[in-house]
Amino acid sequence: MTELFTDDRPDAPAETYDKTTTLEDAIADYVTDGSSVAFGGMGGRDPEAAAREIVRQEKTGLTVLDDARTTLLDIMVGAGCVDEYVGSWVGTSLISQGHNIRNAVENGVPHHLEMRDVSNFGSSLMFLAGAMDVPFVPTRSMLGTDIPEHNDDLEVIEDPFGSGDPLALVPAARPDVAIIHVQRCDPLGNAQIRGNVVNDHLKARAAEKTIITCEELVTTDEIREAPELTRIPFYTVDAVAEVPFGSHPWHCYGRYYADLPFYREYGLRSQDREDFLEWLEEWICPHEEYIERIGEDRLATLERMEGEINTPAPEGDRTPPADAANAEETHE
Amino acid sequence: MSEQPKPTTDAEPTADQSTDTADEPANPLDVDRPHETAADYTTTELLAVAAAHEIDDGETAFIGVGMSLMSGVLAKYTHAPNCQLVAESGYVGSVPPGVVQSISDSVLGVDALVATDQCEIFVDNQRGAFDVGIIGAGQIDSRGNTNSTAVIGDQTYDQPKVRLPGSGGSNDIMTSCDRTVVMMRQQRRAFTTDVDYVTAPGHLEHADRREELGFAGDGPCAVVTDMAVFGFDDDGEMVLESTHPGVSVADVREEVQWDLRVADEVETTAEPTRSEVAMLRTIDPADVVLRGTDYVYEVEFDEWTETVREHWDELRSIHDDSTRHDTQ
Amino acid sequence: MTELFTDDRPDAPAETYDKTTTLEDAIADYVTDGSSVAFGGMGGRDPEAAAREIVRQEKTGLTVLDDARTTLLDIMVGAGCVDEYVGSWVGTSLISQGHNIRNAVENGVPHHLEMRDVSNFGSSLMFLAGAMDVPFVPTRSMLGTDIPEHNDDLEVIEDPFGSGDPLALVPAARPDVAIIHVQRCDPLGNAQIRGNVVNDHLKARAAEKTIITCEELVTTDEIREAPELTRIPFYTVDAVAEVPFGSHPWHCYGRYYADLPFYREYGLRSQDREDFLEWLEEWICPHEEYIERIGEDRLATLERMEGEINTPAPEGDRTPPADAANAEETHE
Amino acid sequence: MSEQPKPTTDAEPTADQSTDTADEPANPLDVDRPHETAADYTTTELLAVAAAHEIDDGETAFIGVGMSLMSGVLAKYTHAPNCQLVAESGYVGSVPPGVVQSISDSVLGVDALVATDQCEIFVDNQRGAFDVGIIGAGQIDSRGNTNSTAVIGDQTYDQPKVRLPGSGGSNDIMTSCDRTVVMMRQQRRAFTTDVDYVTAPGHLEHADRREELGFAGDGPCAVVTDMAVFGFDDDGEMVLESTHPGVSVADVREEVQWDLRVADEVETTAEPTRSEVAMLRTIDPADVVLRGTDYVYEVEFDEWTETVREHWDELRSIHDDSTRHDTQ
């Protein structure tokens, strides 16, 4: 994990208020070779487009400091971008294993991937500690198992309050960059999430820099209509890029369903190194081109599917009462 | 404010109680002779049904992807209509209309009571808020300690023989859920005298160890495989309790490395009913979990999407029927 | 604070699914003499009706284990219900001090009130630790000050990870009862909060038992329409009572504005012991009677005021699209 | 999906930037000769204005109730339209149309960008996310250490001479905000050589102490009173920087127990402008903060509510004007 203490704590909010940029520029500006990176989502709302852009820009030596990761990690590992992974789970889908990850860990192809395991709650807590800027947060998870045995960053202590209970101390994670994909964001960086949040609110806070990619860039006034949904506030955000279908082939709650056949094909083609390299050749391209190649009809179908199962109330439906008297209806 | 606040005693909303009771399982798909043993079922389907039976009505069930989710959804649509599903990605109380592809599958958001973050779910889990968890594993030992991290063999953690996916939530669930069900394939190499790496804590070295460590949960209560169902005795040792139809105790022993404890009376695992099998096949229309992984490659995108949507419709309409009672 | 470890961790969800009850019964059943109690809100969404019911039922020997508290604590202290307060701030409003609290602490009237101070973040963290069931959570707040000097429950240690930094360990609070007032709740106990949450989600989790009072009892299906707002889930709730205007004279975001003249009058009359006892005589009564005495017109005016400034999107407005094709509009 | 996703470069929404700049303060109430010194203003109003000037445009300002909130709102409606207010109860970025009665006043929810919980606000605060905090106190010493807990006198913490409200968020703000402004009444008994209880950490025993403790914030940067404005030198000692019109350095020394350090050139605090005073009186229509506490007792409920609503309307219309630019 990154160093526990840094003197370069998050700066004051950016001098400029408009943080919008392109995906290309955001990755170029904030992800450098050797960076530690955390990604949002978890097999749903993952910043897949951003990860593909990292591969396209041929970043190397990355540490992925994260929780459970699916296709985006497997692709980056296969493409040689990643040296180390700290997290809780790797795979590519329901059944398919992370073939590139296994190949890297077991066989050193394309090069060795160092693994440091935590549990899922351990992941949450390392970002919570990072967000709080404290060295650690204690938990009972992972006690009695081999997880702390093989992860030197975890400490087991006896409760200083004298209960006699052991506690596992999960050290703070402070990734250089967090990349989070959300449904809506304004140019200031107020990111709103519908549905589950996973660890995204903590990752954005724990990271030195945060990139938001969003399905839809909205006005600040639209954000004000549902302030409860702003799980990532402007002051923790450095760059905002509008990236429609930025989670494809995964789900984006309330927007589109996962493209199962697409990532099952990935699972198949990533079993063999040559096939995987062909897959890279085929699908690593600017996001606009990727989306065009997936095709309008297919994307529209995925939207329709999601619309059939999840139709959240519109965020912006703060219809003011025609007159104040309407407030009286509250209890009628 | 044209009328006084209602007295608190004549509140109209009623609790989310299905009219179905646990004693008389539902037959939501209107299957003919629903409670009869199914004529054709796969071992995987038997496994899913056996695991579903571990969830009691009204419980909170911490479920994952794949088989674990299948069992949870099956329980909710059959004998445990008032159980509430918990997914670590942040959903509670949802009514998934089908199998999920991932832990944040938006199917898990369908009609959820709570959409929150992972940290909050595990905070609640650590406090002991959840009744039963269902996990999978790559290896297990006689005390229910599981390995989902790495089959190390004669190699090292850093470069193991087989790198497995990792803990995910399995460590946290086994630590803190009141009880945990482990679903596995019955294989001698997996039922091992010594797991290569303890990912999730079973009954550990001795029966009091979990309490010494301050765990909220009681640890594994059952292991359900494609051959048998196991429990644990007071020592925390695994005990064979039932074998599936056609499987002998000797068959099971063959697939276990240690000297297996066996219950005085080993029963035969209840076979899936016609209703249960029909429901499972509705939950998993693309046969993603139940019957292999090839179907989705054999069909075009369009056929996949149509199949999925048809089955969603079917399950959604069942849910609408069953909840109509609490919204009148 | 309460003992750090208990063997009686929260039980499995209640066998019965319908947790609705009356305010009277909820207080009678869960608040016993000597209980430790945490209250929700913070000069807004406070469970004022519940606190008045505690006074009406003449509970004694209570510990209020809490954060910043306003009128409800002052009333309970003046009425002799409270022996100890652990928290961050006491007063009754913007300007008025907590006269009963001062009288109890400084002069022992009606009897001595023991105070144990923490900072506001300290309050949040003691409930976070309680919710997590860990003995403590570390913070940098309160270091270098007299707060830990006078609160023996706080420990200052050196970072076990070797940074050399001191850390204040905030011990877990596990109150016997949390009483939280929210806008909407269903009979299962799924409590939805609009606007700010303060520490309510943590208090409900940290407490052994939780009582929800709500402005409006709604169906479970209505809860499903905005799952992001369910900050307190059913499995942490033991009793639900519908108590309209349960926060009067304070605000309830999106429902009614604070009755400033009412609590300013309280501030005035609580300066003198005799006047306060008369105030008690006048206003401690069943909530229905209290509301009737405040008067329909006045309450309607407070609703109208709030309606002019805060008109949140209706929670239940999850209008399904007429047909699935509507989902396509998302990106048009 | 009838059209391609928009290229990310021609996004329509624009940032929440007022057209007013910090150089040319706004005059939202259309006051005549807005930048002239106000003819009549109270000392409390001068204090509020002086504190408001401590907030720069574009900053995040962690504010409380009463004077602190008044200053924050004033700054937002005048020289710092892009500052964002943070309230510990869980609101960020709101545009309160008036004075608040409490930290959860629903006026603080008006047009908020974020509605969250207190723990999350303080998590962000501890990480150093906020630029400037404004707090009050009962006592202060020469190093800016404040007491809001108890005036103990010759008694004890358990039974002090005067029990004050307690820390509230003041300890957390002073620990972690980049810089903190303290607002107080200038009284000899309050500006003391030795505070009875350190509630919030100023510059502590020596200049490096805060860094040794690992604090994210730089501590108190200014103390604003009804007589003067103080800063702090590199040693962490309070320095008199300006006195209000009509107040001499000697007058201030009279109200400070220690040997006060005084800047080489003590300035006269800028007087409030006509625009600023008009705005303050619009923010506090019931004179709750600015001019005593009696008004609200003298009027009936109906007059109070009408006054408040009138002024809300006025401030809301200003906000609507100023944000119209970003919603076109």
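Order of writing sets the chain letters: A, B, C and D. Residues in each chain are counted from 1.
We adopt the following convention: a contact is a pair of C-beta atoms (placed from the backbone, for glycine too) under 8 Å apart; a residue touches a chain by one contact, two chains touch by 3 or more.
Since this is a predicted model, take the numbers as computed values, not measurements.
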Completion exercise
When A-B and A-D are ranked by contacting C-beta pairs, first comes A-B
Exercise for the section: Please name the chain that ends up farthest from chain D once chain centres are defined by their CA atoms averaged. Expected result: B
Problem - Centre-of-Cα separation between chain D and chain B, whole angstrom - result: 54
Handout entry: Where chain C and chain D are represented by their mean Cα positions, the distance between them in whole Å
Key = 27
Problem - Averaged-CA centre spacing for the pair chain D and chain A, given as whole angstrom - result: 36
Problem - For chain C, residues that touch 2 or more chains besides their own - result: 5, 128, 132-134, 139-140, 163, 165, 194-195, 201, 227-228, 231, 244, 300, 303, 306, 308, 328, 331
Handout entry: Sequence positions of chain D contacting 2 or more other chains
Key = 1-2, 5, 91, 109, 112, 115-116, 126, 214, 216
Practice task
Specify the contact topology among the chains shown, as one of line, ring, star, complete or other.
Solution key: other
Problem - chain A residues touching chain D - in the complex, by the definition given at the top - result: 5, 9-10, 12-13, 15, 17-20, 22-23, 128, 131-134, 186-188, 190, 201, 205, 217-224, 227-228, 230-231, 233-236, 241-245, 288, 291-292, 296, 299-300, 303
Problem - chain A to chain C touching residues, read off their complex - result: 4-5, 132-140, 155, 157, 159-161, 163, 165, 167, 169, 171, 194-195, 215-216, 225-229, 244, 255, 300, 303-304, 306-308, 311-321, 324-328, 330-331
Completion exercise
Listed in rising order, chain D residues that touch chain A in their complex are 1-2, 4-9, 11-17, 58-60, 82, 84, 91-93, 109, 111-116, 120, 123-124, 126-131, 178, 214, 216, 323, 326-327
Fill in the blank from the handout: Listed in rising order, the residues of chain B that touch chain A in the complex are 1-3, 5, 65-66, 87-91, 97, 99-110, 112, 115-119, 122, 125-126, 145, 149, 157-163, 165-172, 175-176, 197-201, 204, 209-210, 213-216, 286, 288-289, 293, 296-297, 299, 301-302, 304-305, 308-309, 312-313, 316
Fill in the blank from the handout: Residue set of chain A touching chain B in the complex reads 41-45, 67-68, 70, 87-91, 93-95, 97-98, 101-102, 105-106, 108, 112, 114-115, 117-125, 127-128, 139-147, 150, 163, 165-166, 194-202, 231, 250-254, 257-261, 263-265, 268, 298, 301, 305-306, 308-310, 328, 331-332
